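Same chain, two partners: chain A is paired with chain B first, then with chain C.
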Partner chain A sequence: MEKLNEKISGFPAYFKDWIKTFRGKVTVLCLIGLILLPLANPNPYIMGIFNTFMIYAIFAVSWDFLAGYVGQVSFGHAIFLGVSGYATAYIIKYFAWPWWSALLLGAVIAVLFGIIVGVPALRLKGPYLALGTLAMSLILYQLFLMGSLGIMWKNAFGTDLFGTDGLGQVPPISTNVDIQYYAILIIMCLSIAFLTHLVKSNIGTIFRAIRDDETGTSASGINTTKYKILAFLISGFFAGIAGGLYALRFSGVNPGVFQPLYSFYAIIMVAIGGIASLSGAALGAFIFVFLGEILRLLGDIPQLEVLGGFAEPIFIFSILLILIIRFAEHGLLGTLLEKLQSLWDIVLGR
Partner chain B sequence: MGVILEVKNLTKKYSGLTAVNDMSFEVHRGEFTGLIGPNGAGKTTLFNLISGMEKPNSGVVRFDGYNITGMKPHKIVNLGIARTFQLVRSFKFMTLLDNISVSCLSPRGKKLAKEYGIDESASSILSAVGLVDKARIPPIILPHGDLRKLQIGKALGTNPKLLLLDEPFSGLTHEEQKGITDLIIKLHADGVSVFMTGHVLRELMNLVPRAIAMHQGKYITEGPPEEVARNKIVLEAYLGKGAEDLA
Partner chain C sequence: MFFSLADPIVNFLIFGIIQGSIYALLAMGFSLVYGVGGILNQAHGAFYVIATYIFYWFFINLPVFGLLIGIIVALIITTLIGGLVYILLIKPLKDSHVGVVIVTFAFAFFIENLVGILVDKQYHDMPHLIPGYFEILGTSVPYHYLLVIGIAILLVVLITLFINKLKLGKSIRAVAQDAEAASLMGINVDRILAYTLMISAFLTSVAAVLNVPVDIVAPHIGWTILLNSFAIVVLGGLGSLSGSVLGAYIIAFARAYTNFFISPILSALIPIIVIVAMLVLRPRGILGKKEID
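So, the complex of A and B:
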């Protein structure tokens, strides 16, 4: 109890220190911008892009937590996105639960699934873990594509699940665009705040030790398997939250969410922002979603049709990823903040 | 006194090579024991077997009343054996304080750290190994001698009864060696049993009252180091056949 009190009374000081840093100020500014956005009355299309960005930010942050802070690189993170997306959609559609409880249960189901996947997968190390998770996401993709399985399920339970159509007609969080937006914003902020606090805690120290040297961590008396599974489940929970929100945002899911492409999206977003930086991952998601949308609009211009596949987002992003790996391996956030700060100093005449 | 570590008929085979061959010996509580042998004698493999990093093909390791043969490394650490590595390991991107904190966060380390808190305990260990002024920097920019000290600090964080030091002097300047020697002597005086390897006899000679010699995975002899150094097989192992005449 005393400890808790100490923590609570310590919180404002911790927050004050953080907000004094340039990084803290910029983050708060961005947050205020996001809170005020609906007051500017943007059209629902713009709001929708912001919703997508925030959902992807949760997904990217969950991957960055696992890869950047625990050193466990998963190429199959779409598993969590898909399992929870399907679970959330299914619960809302066939059990008519309220969206938030379906979202939570969906994420918990993703976590339980993570135990099945994670416990054998975490015996693999380095590239083998990446390949193992990649293979598992492909298996799920194939399973959910199977029409014959869909017919069997329908005969047994009378509901849709497997098959190319996926689950559709899931009602949104709210028909009110603003409520929908704020709900997603709050969930994103809570997710990032929780994970940020976690990586700064004692458990976070153990996670980072496993990332830097797993054998050395066990020589320090830490049960690394236990902590790796814990990290996998925490990451899976938040990826699951992103998956459930995805189903709510796009009024359904189809087997496509299990594609390795979605895992790759997470990796691109984190690479853009900078690995082992949770706010960087969020920035990466922002750039990814908005640049992707601009590219998609460019692709719709008939005069640019000659460019054909070149305006395809994945084409551009893959090139961007190569450039980042080559020239800015620590991502754009750090560099961007430095540039902003020097600009700010010039403005203030320092 | 009593026996703290008992190794019995321990054998580790790799394809085509027996790295540790039917080794048996004892380490006493509170004792300062050396393990000598030329490069490739199997000293590191023996340490790996004791600390659980590798599993033996046969034989038994007993520590403080427990049979720890084939146990997971972290469980062995939490019973009270901590080790350092010949090739230094560290958590490269974490501060030295966090490097030590990891050990303090182990179940055994936590018991020791409970009273003062993790940070406080970790910094007291840092000052014990002489690195407290570098608490906030990561190990990637440390000189080799400091990394060796950090390793010992990490081991101390788990509050060990027995400290296994694998070549704690390797790659150090004379000055740095002296610093580590003083540190080890101090730890031993504080009551930690120390079992250390070295392939340079001279380093160990003045330090340990008793040394165990091994060669090609086999137990050769044990006793006061000056006696061990006069052993025919030990001399041959270090200097080749006919070395006795030289000595």
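So, the complex of A and C:
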């Protein structure tokens, strides 16, 4: 308790120091921009893009936490997105729970699914997590596509679950666009703040030690398996939150959310922002969503038909990811921000 | 299926052998790359897709010798792409395991979308390489199936001989045991790894050409291929060739059995059941070597 009081009383000074740094300034500016956005009364389309961006930001940050800070790479984060999306949609649709409780329960169910493959894989060294999570997401995709399973489920419980149509007509968080926007914004800020705090805490030090030298860490008497599983579950929980919000935002889910495509989204967003940088992952999500939207609009312009399908977002992003990993492993934004920072310093005459 | 369901047991046996032979080719390539270079190649399915679509394109656009030319071109180009993937993407990132896995993952997406753009995203069927049927115990079996079994056995034998007898094969085994020591003995490790990826791509393209006539052509089939290869090598042991062949037939028969006699749902679940069970019970696989670490 005393420690907590100390932290609270020390917070203004900490905040003052933090805001003086370049990183703090950028973060605060972005936040103010996001908070003020609805006041500018943008059209629902722009608001929708921002909602998508914030949901993807949670998803990307959860992946970056696991890969960048604990060194465990999951290629099936779509498991969490999909399971939680389905669970949240199902609970709201058929049990009429309030959206926030459905969201939490959905994320917990997603974590339970993650345990099935995560725990056996994380006990071992080697590529088993990458392999197991990807396999799990592919299998869930196949299962949820099965019409015969959907009919069986319907006969047993009288509700829709499996099948190509997925779950539709899920009521949104609120019919008021602004309330929906702020709800997602708050959840995103809380998620990023929690994870940032976690990686800076003592547990975060253990996580980074495992990433840098697993054998050395376990030789220091730390149960690495326990911490790896803990990190996997935390990451899965936040990916699950993103999945639940996804179902609420798009008023439903279909089996497509289990495709490896969504795991690929998480990776490309983190790669743009630079691995092991949570705020970078959020910025990466911003760039990813807006670039994707621009590319989609380009594809609709009749004069650009000569491009064929080559302006397709996924195609461009797969090339981008190959290039980033091949030539700029630390991401694009990190270098860009450093340049901006030195420019800033010059402007201030430092 | 293409035959009457008069005798499910015969059908189950035939289907298991065919699928097992194709899986064996796929899993051997995947396992070889992991065993020699420690490379988890997520683009394994992409090789399959490349071969499939080259084959399909020639079949559609060249009416006379399309099948034959398609096969030859598909095998050659896929093999070359295997080498190029190593030289351009994997070799520069060899120090970072995560980088290799991500870059091959991205390559798989690149290929999936490329063929979707260049050809189309629809499902297609292809005819058997050899037309005609013959009868076994009242079930008609396409001649194509004999071809699949024959080529699969031939290739398994050839690869085993190649790895064990030839000088290049010995170099590959040396790199698999200890890359650093091998390079001190004057073996060009990068060249060996490039050859290994080319062998893997070649095996995959042969499997593609044999499997496409009994399966479908679609851009996303690569993921199913990757999934089955995963399950097989985890069952047989990552890096073990004989384990891959054994695992391939076990998985194929298990999937065929559940498909014919229990339910297709269980059949779809088999890969993940196998992976989780093996990770819990025996992570090194049936025939895998014990890792010293």
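To be clear about the criterion, the second predicted complex is superposed on the first by the 339 of 350 C-alpha atoms of A that agree within 3 Å, B and C clash if a C-alpha of one lies under 4 Å from a C-alpha of the other, contacts with A are read in each partner's own complex, and residues count from 1 in each chain.
The definition used in the following text is that contacts are C-beta pairs under 8 Å (C-beta built on N, C-alpha and C of every residue); 3 or more make two chains touch, one makes a residue touch a chain.
Every value quoted in this text rests on a predicted model; they were computed, and no experiment measured them.
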{"item": "Combined model on chain A where chain B meets chain C, clash or fit", "value": "fit"}
{"item": "Touching partner for A:146 - first (chain B), second (chain C), both, neither", "value": "second"}
{"item": "Which of chain B and chain C A:216 touches, first, second, both or neither", "value": "first"}
{"item": "Touched partner set for A:37, first chain B, second chain C, both or neither", "value": "neither"}
{"item": "Which superposed partner A:120 touches (first chain B, second chain C, both, neither)", "value": "second"}
{"item": "Contacts of A:267 with chain B and chain C, given as first, second, both or neither", "value": "second"}
{"item": "Touching partner for A:131 - first (chain B), second (chain C), both, neither", "value": "second"}
{"item": "Contacts of A:326 with chain B and chain C, given as first, second, both or neither", "value": "second"}
{"item": "Which superposed partner A:298 touches (first chain B, second chain C, both, neither)", "value": "neither"}
{"item": "Minimum C-alpha spacing, chains overlaid - chain B and chain C, in Å", "value": "8"}
{"item": "Where chain A meets both chain C and chain B, residue numbers", "value": "215"}
{"item": "Contacting residues of chain C [partner chain A, same complex]", "value": "34, 40, 42, 88-89, 92-93, 96-99, 101-103, 105-107, 109-110, 113-114, 116-117, 223-224, 226-227, 230-231, 234, 238, 264-265, 268-269, 271-272, 275-276, 279-280, 283, 291, 293"}
{"item": "In the complex with chain A, residue positions of chain B that touch it", "value": "51, 53, 72-74, 77-78, 82-83, 85, 89-94, 98-99, 101-103, 105-109, 118, 154, 157-158"}
{"item": "Complex contacts: residues of chain A adjacent to chain B", "value": "202, 205-206, 208-209, 211-213, 215-224"}
{"item": "Parts of chain A lying in touch with chain C, wherever the complex brings them together", "value": "67, 71, 73, 75, 116-117, 120-121, 123-128, 130-132, 134-136, 138-139, 142-143, 146, 148-149, 215, 260-261, 264, 267-268, 271, 308-310, 312, 314-315, 317-319, 321-322, 325-326, 329"}
